[in-house]
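Listed after this line are the structures, all set down as structure tokens.
Two complexes come next, and they have one chain in common, chain A, joined by chain B in the first and chain C in the second.
Let's look at the complex of A and B:
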């Protein structure tokens, strides 16, 4: 609704450009404090070159995403693990 | 949570503005026709892209307010005073105009119409938009899930969908709607109707032992406050789903 989203829900489109499944429902583990939560719940700062997602528990940087005209840079420095739901292979 | 699905490539589609509904002095609903729209789930949003004649583009996310209905997609946009995109959408766009959308996106803040569990919706300002999609989808699908909406806005005049919500509360069985106003004059009788707090969540919400799914959407401070109160009251944190859209909100 507003011009600036401030949680991971708003990154669904940008991340769907890179992944075949919806990553906002994936659960990530923070390197800094061990908090586990959905990407949708990350605190997202958009007034930066690209966007910065921070842990709602400790404020540490989880990941950064920068989009250029023909490529993207995804820096996952603060996420030790992403638990991603995938469709049944059968 | 719905089962994961492999999704098609996300691409920009041209959306035609077919109708406009003035909701308040600062908000309007844009009814779009989007060819080849793949359908959406209530709570999802779209990315919207405007391109200027010189090629400059600006992109924002907006929640979908309509129930799934073929290629018809409704967005409700609140003007943000220093915004770059919303003033154009609220003040300038007319039927016949076009812009690009991609989506639907977002699988987290989504209600599953096949889930019969009770639902509590708590909206701050224009955070009611994705919750309205859930209310409309519930009616369209004939879902028996009991719904309660607590809708906080500054004044009666700043809330969107007020008339439709009143009608639906009368005509949709199992839907209850409670309004809260944060900037009405304080009087003895309406004092309890002001800012949403623990008492209001208890009176107009569900007890935690019924296992409701709670959807909270609004400005960041509102969402932080309400979600904390719900968890403190005993609601399962995994069933308190949140969506924050910035400090200015409605």
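Let's look at the complex of A and C:
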């Protein structure tokens, strides 16, 4: 396979627009193979109609993000759960 | 010696062309991909058409090459707004590939090596509107442009022309594909600028 991708830190800009926290440090679990890791560890394909993040373990699609002029669509069906660091409320 | 005029049959200038709304002209051929480029071994390549009842028709590479091929010159319009004009392809018409399939289905889901999918109305594949193309610009289709073979449906945005096409499933009910399920328009007519849901 030939392969052109950047690491998940390339998602920071696109996701900062949608989330109040830096989602690249969140940890997710791949639906396909169970690999657990930070979003920043995903393989991200940006030369496409949208952004596609793939699992570094199995290559399965973790999530897809499409940015229209006034709307964005985020499909997370490839991730079972995201663990997100938030400020300590205690 | 006469002077050879380039005025007839030459490339259309960008000023003279009528592009779909929102599109701009390119001279190169941009490569877009939602994942790694699958390098498909011709020895194991197959293309399959499955009816809604499960009846399947499959071609291996040699059988596919033996099918009648057509030369097609068409304009391409990508939803990311570039258009490329006068692209020359060779391929097998979907009219040929679907001719022996008994079906009353109205929709298809196209699947590719690598896992990509896209959905279309069946009628958009028929009557000389779509091909499985295996040659571009006189040469074997390169992997980055979808080789060994890709779907070519030039009257719709290019995401419908699935690279590395592997099978076509005929369906009674429409099923959104890879981009159609996450914001991109279900049909994708560039002349009506159907880019996103609700356009």
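Keep this in mind: the second predicted complex is superposed on the first by the 84 of 90 C-alpha atoms of A that agree within 3 Å, B and C clash if a C-alpha of one lies under 4 Å from a C-alpha of the other, contacts with A are read in each partner's own complex, and residues count from 1 in each chain.
The working rule: a contact is a pair of C-beta atoms (placed from the backbone, for glycine too) under 8 Å apart; a residue touches a chain by one contact, two chains touch by 3 or more.
Because the structure is a prediction, the values reported are computed rather than measured.
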Which of chain B and chain C A:75 touches, first, second, both or neither: second
Contacts of A:61 with chain B and chain C, given as first, second, both or neither: second
Touched partner set for A:47, first chain B, second chain C, both or neither: second
Superposition-derived comparison: chain B or chain C, residues of chain A touched: B
Chain B versus chain C as contact partner of A:32, first or second or both or neither: neither
Intersection of the chain A residues that touch chain B with those that touch chain C: 1-5
Of chain A, residues touching chain B in the complex: 1-10, 12-14, 16-17, 20-22, 24-25, 38-41, 84-88
Chain C - residues contacting chain A, complex: 30-39, 78-80, 115, 143-144, 159, 178-179, 181-184, 195-197
Chain A-touching residues of chain B, taken from the complex the two chains share: 1, 3-7, 10, 45-47, 60-63, 76-78, 80, 83-86, 102-103, 105-109, 125-127, 129, 219-220, 242-250
Residue ranges of chain A touching chain C (in the complex, touch as defined): 1-5, 45, 47-50, 52, 54, 59, 61, 64-66, 68, 71-75
